[in-house]
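In what comes next, chain A is part of two complexes: it sits with chain B in the first one and with chain C in the second one.
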Partner chain A sequence: MPTYENIVQQVIEAIKEIVPPGLEINPQTDLISDLEFDSLKVMNLMEDIEDRFDISIPLNILPDVRSVEDLAIQLQHLTGED
Partner chain B sequence: MLEATPTKHRLQLRYGDFSTLTEALDYAAQGETGYNFYNGKGQLTFVLPYAQLREDAIAIAKRLVGLKLERGARVALVADTDPGFLQLFYACQYAGMVPVPLPASLRLGGHDTYVAQLKLLLMNCRASVAIAPEGYLAFLTEAAEELPLSFIGSADALMALPESQAALAPSGPDELAYLQYTSGSTRFPRGVMITNRTVMNNLGHIVRNGVKIRPGDRAISWLPYYHDMGLVGLVLAPMAAQVTVDYFRTRDFAMRPRLWLSLITKNKATISFSPPFGFELCMQRLRESDLDKYDLSSWRVAGVGAETIRAQPLLDFAEKLAPSGFNTGAFLACYGMAECALAVSFSPLGQGIQVDEVESETLARTQRAFPALKPCTQAMNAKEFVKCGFALPDHSVEVRDAEGNTLPERHVGTLFVKGPSVMSGYFGEKELTRAILSTDGWLNTGDLAYIADQSIVITGRQKDLIIINGRNIWPQDLEYLAENQPEVRTGDASAFSVVGVDGEDRAVLVVECRESDLERRSVLVDNLQGLVCNELGIECYIELVPRNTLPRTTSGKLSRSGAKRDFLKRVANGKAEPPGVNAEACHFQHRLVSVAAGQS
Partner chain C sequence: MTLFDKFTALQEARQSLAEFGLTSVNVVMEKVISPTEAIVNGRSTILAGTNNYLGLTFNEECVAAACQALKTEGTGTTGSRAANGTYSAHVGLENDLADFFNCSSVIVFSTGYVANLGMISTLAGKGDVILIDADCHASIYDGCLLSGADIIRFRHNDAADLDKRLRRLGDRAASALVIVEGMYSMLGDRAPLAEITDVKKRYGAFLLVDEAHSLGVLGANGRGLVEEEGVEKDVDFIVGTFSKSLGAIGGYCASNHPELDIIRFANRPYVFTASPSPSIIASTRTALATLRRHPELKDRLWNNAHRLYERLEALGFKLSPEPSPIVAIRLENKEEAIRKWCALLENGVYVNLVLPPASPDGGSLLRCSMSAGHTPEQVDAIVDAFAGLPH
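This part shows the complex of A and B:
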């Protein structure tokens, strides 16, 4: 089971794959206001994360996710359940 | 070990010639076909044969009737792609109630928006019952606070209620089969009322005249159940013709579009529909190395509709997947809308995308669509449109000018439709209904079209509607977000879409703003972009302009078409360069400049 720090790291790596290079991403980065993710980008990110952690992400976590941190916390719950 | 329902079955094929949905299901339940569900890895997770579905629906219907509601009471259902929705949808039919599919689309950080949207829909349809799958229940419950519902909960909770002992009285031909909220404005919802008679008429045409169902057909779909094409086209139509369907979730398609091709290969599916956007998304994510894994030779109907169809991306898709056995003739262009149950026209089967090339100059100047001379010396002289085929047999279409006069062939005007598939109206909205549905039954589609060789050709969509990535966005929703900013006054924003160089539509929001501080202007633009992304899930280009820039009609109303025309002019002149544009917006600006320059 990955640690929280590890999850944050992986989420940041996954985000870096789909945003323009050179962007600073940290746990507080807001996916909507800082990165302007549209629904397609969100889906790309989810696919990458599902593959990295081998989990299935229920869409109902999304409405309460805004930052990298929020996402990592949700993922920690999901990976912990396996 | 689960086994999907078979493609072949022993029942005599009936082309939806039933008077109600329950009659159709009673018949399909005598065979072995049904609905199957797959997860994001393509594994079969649930099998729901029509026979079982009917039994489940009847059991649920008895609980619904036990609630002692009035006949035709609205049952709002969060429509995720799962068996529970289908059981409940058909249960409403057996109980004489009206199912109302609610969106199950969740966006990043969209908690409050989603709850507000659900609440608005629950109120608009005056729901008595609201049911959601487990993962959506918290949102629905929050939305339903303070609303006078007789029941809210999960399907399991409903099943725990006592059942009614009275005999079931299913919805009759002239009772509503469902309310369909047009997938658009979140602020101004419109619930399309469709009776059993209406939907059965449309289903009959879809299966008999449109896709011409034959033994051996099998459908597959990832379209959401809360959209007309997903619900009517890929849930009800297959059932009405006793055809098996394989489903996987829209979110899984968006994440892994190749799953569509794998499942078609695996199940030898013959029928699948998508907006053009779905084909494009799928192609973008194709890997060369995967091509020989697919066998798409069974796919005989690749239906395309729900947004303006452009030929080239589809032809690219066909070319790329030809080695996998995809037949370009399988493309079936169609045109329709929820207000007409689903389908208005289908192009002829097996002929693929048919385009009509017209002289663009004449079209722009006189609104007449003359065939372009061939060979075209300059590409700019011709504009091509995809033919959407002939209107359904017992339906009439007319193209009319602004004064209401019927126009001859090859004249562009507003398309009107009349016939037995047209809706009864918008639920609880007499005025809105009267505005687009005349007393003698003509429906104003709001789409611009011309008729060529009896085929409907759509040249522009509903006047103001913005369609991005297959999603309908109402301009008033964008404008509302701007008007809610302290710096912006009501009526000082105008939204529309423009076409980029690559042909993709982009949303533009022009906002009148008195603020002169560059810093604060930039913050406003950023805030608005974030809000639009958050609420509507799209990127939007924001332009701030001085007061009194937006064109108004004599009555002071904003003219969106005028705002768009002026915007393109400013871009062409290099004048539209608001502060605070990010890299992406700059890129977009650059593309726009090229388009506008090409047009002027």
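This part shows the complex of A and C:
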């Protein structure tokens, strides 16, 4: 099972694949206000992350996710690494 | 901070549409002349965006049945099915549908939206999992949210992605509810139902198919994609609507699971909604009988669909993936879509304007829906209107 640090790292890697090169992404980066992701982009990101961790992310958790850190915390629950 | 602040973004989006020339989001039909024609903005307009697939809204027998029910049973039931709102005709329609679908039980709802909301939110609950095709209708998403279950999307029409997600669920897969649509409302494409039933059977999951756009449109007897694909015994629940092919309003769920009868009493959207009015039930029963007696309506619908699809394709438009009664013209940006939609309306053709995020892939659509009621001349007039659009 991945560690929390590893989860954060993988989320940042997944985001870097769909944003302009050189953009700094850190755990506090807000997907909506900083990266201006629309719903389609958020879903594309989720699909990439789901495949990286071989999990399914329920839509129910998305309202609680604003930042990279929020997402990493949810992924930690889903991968059983509480 | 007020209650209304949350609507600011929506208001801004609406204002931005006005900048592109879209002054009214809603088209008002000043006079409806037939299933395929109305007066809009003072002009005679061909209706090519109504979902009136079999053209039954003005069917003489349906209108007469509705009038008769109005006279004999009144304008409304003034109560829910669980209280004072069950008339013998409601039970009669449920029996008609059970006979049509060759299944043991049917529940009739007041709208198609309530049918999805009620069935999904009652079947699944907290701790359960629902897997939905990414392009499912809003009523399905809302039913999922109301259920409290975990909601997992799988890629549109991708049985392999569904398989992967069921595998990831482990033991939970055996009680999962999978939801797809027979025909998707925006692009008219169909679920790969044979593959999906194979996957769901492998995991022992349940399958609900929404046939809102495929009742009366697909299948030798008009029973939808489930019939056309020959998978009726592998589908647990069929949900649909009376507001499209049957020309009225209302919804249903058909199933061979004996538990459907008890689900009825746990189904809050059903229990707490007033039942359909007698005239609606009467016209729906007559429309269903008409659908069964007149398979040529389906043939006429498909002839019109092919005629429109092939001619628009020949004009070079980028279209939805396969010929179907829903023909969507795909456009790159919403400015172009709005401009063309306004031009079509000014030239007497009404179609549906679909802008992101309502469109499936972020693009914009001019969505046409064909009817058995369209004449070949009307179809040609629709094509001519598209051909005359400014580039």
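The criterion applied here is as follows: the second predicted complex is superposed on the first by the 80 of 82 C-alpha atoms of A that agree within 3 Å, B and C clash if a C-alpha of one lies under 4 Å from a C-alpha of the other, contacts with A are read in each partner's own complex, and residues count from 1 in each chain.
Please note the rule applied: a residue touches a chain if its C-beta (ideal position, glycine included) is under 8 Å from a C-beta of that chain, and two chains touch if they have at least 3 such contacts.
If you're wondering where the values come from, they're calculated on a predicted model, not measured in any experiment.
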item: Which of chain B and chain C A:M43 touches, first, second, both or neither; value: both
item: Which of chain B and chain C A:S33 touches, first, second, both or neither; value: first
item: Most chain A residues touched (candidates chain B, chain C); value: B
item: Partner chain(s) touched by A:M1 [first = chain B, second = chain C, both, neither]; value: neither
item: A:L23 touches, of chain B and chain C: first, second, both or neither?; value: neither
item: Partner chain in contact with A:N60 - chain B first, chain C second, else both or neither; value: both
item: Footprint overlap on chain A, comparing chain B with chain C; value: 38-40, 43, 47, 56, 58-60
item: Of all residues in chain C, those that touch chain A in their complex; value: 129, 134, 144-145, 150-153, 155, 165, 168-169, 356-357, 362
item: Touching residues on chain A, where the partner in the complex is chain B; value: 20, 31-33, 36-40, 42-44, 46-47, 50, 56, 58-60, 62-66
item: Chain A-touching residues of chain B, taken from the complex the two chains share; value: 39-40, 104, 106-111, 114, 135-136, 138-139, 251, 254-256, 281, 469, 526-527, 529-530, 533-534, 537-539, 582-584
item: Touching residues on chain A, where the partner in the complex is chain C; value: 38-40, 43, 47, 54-60
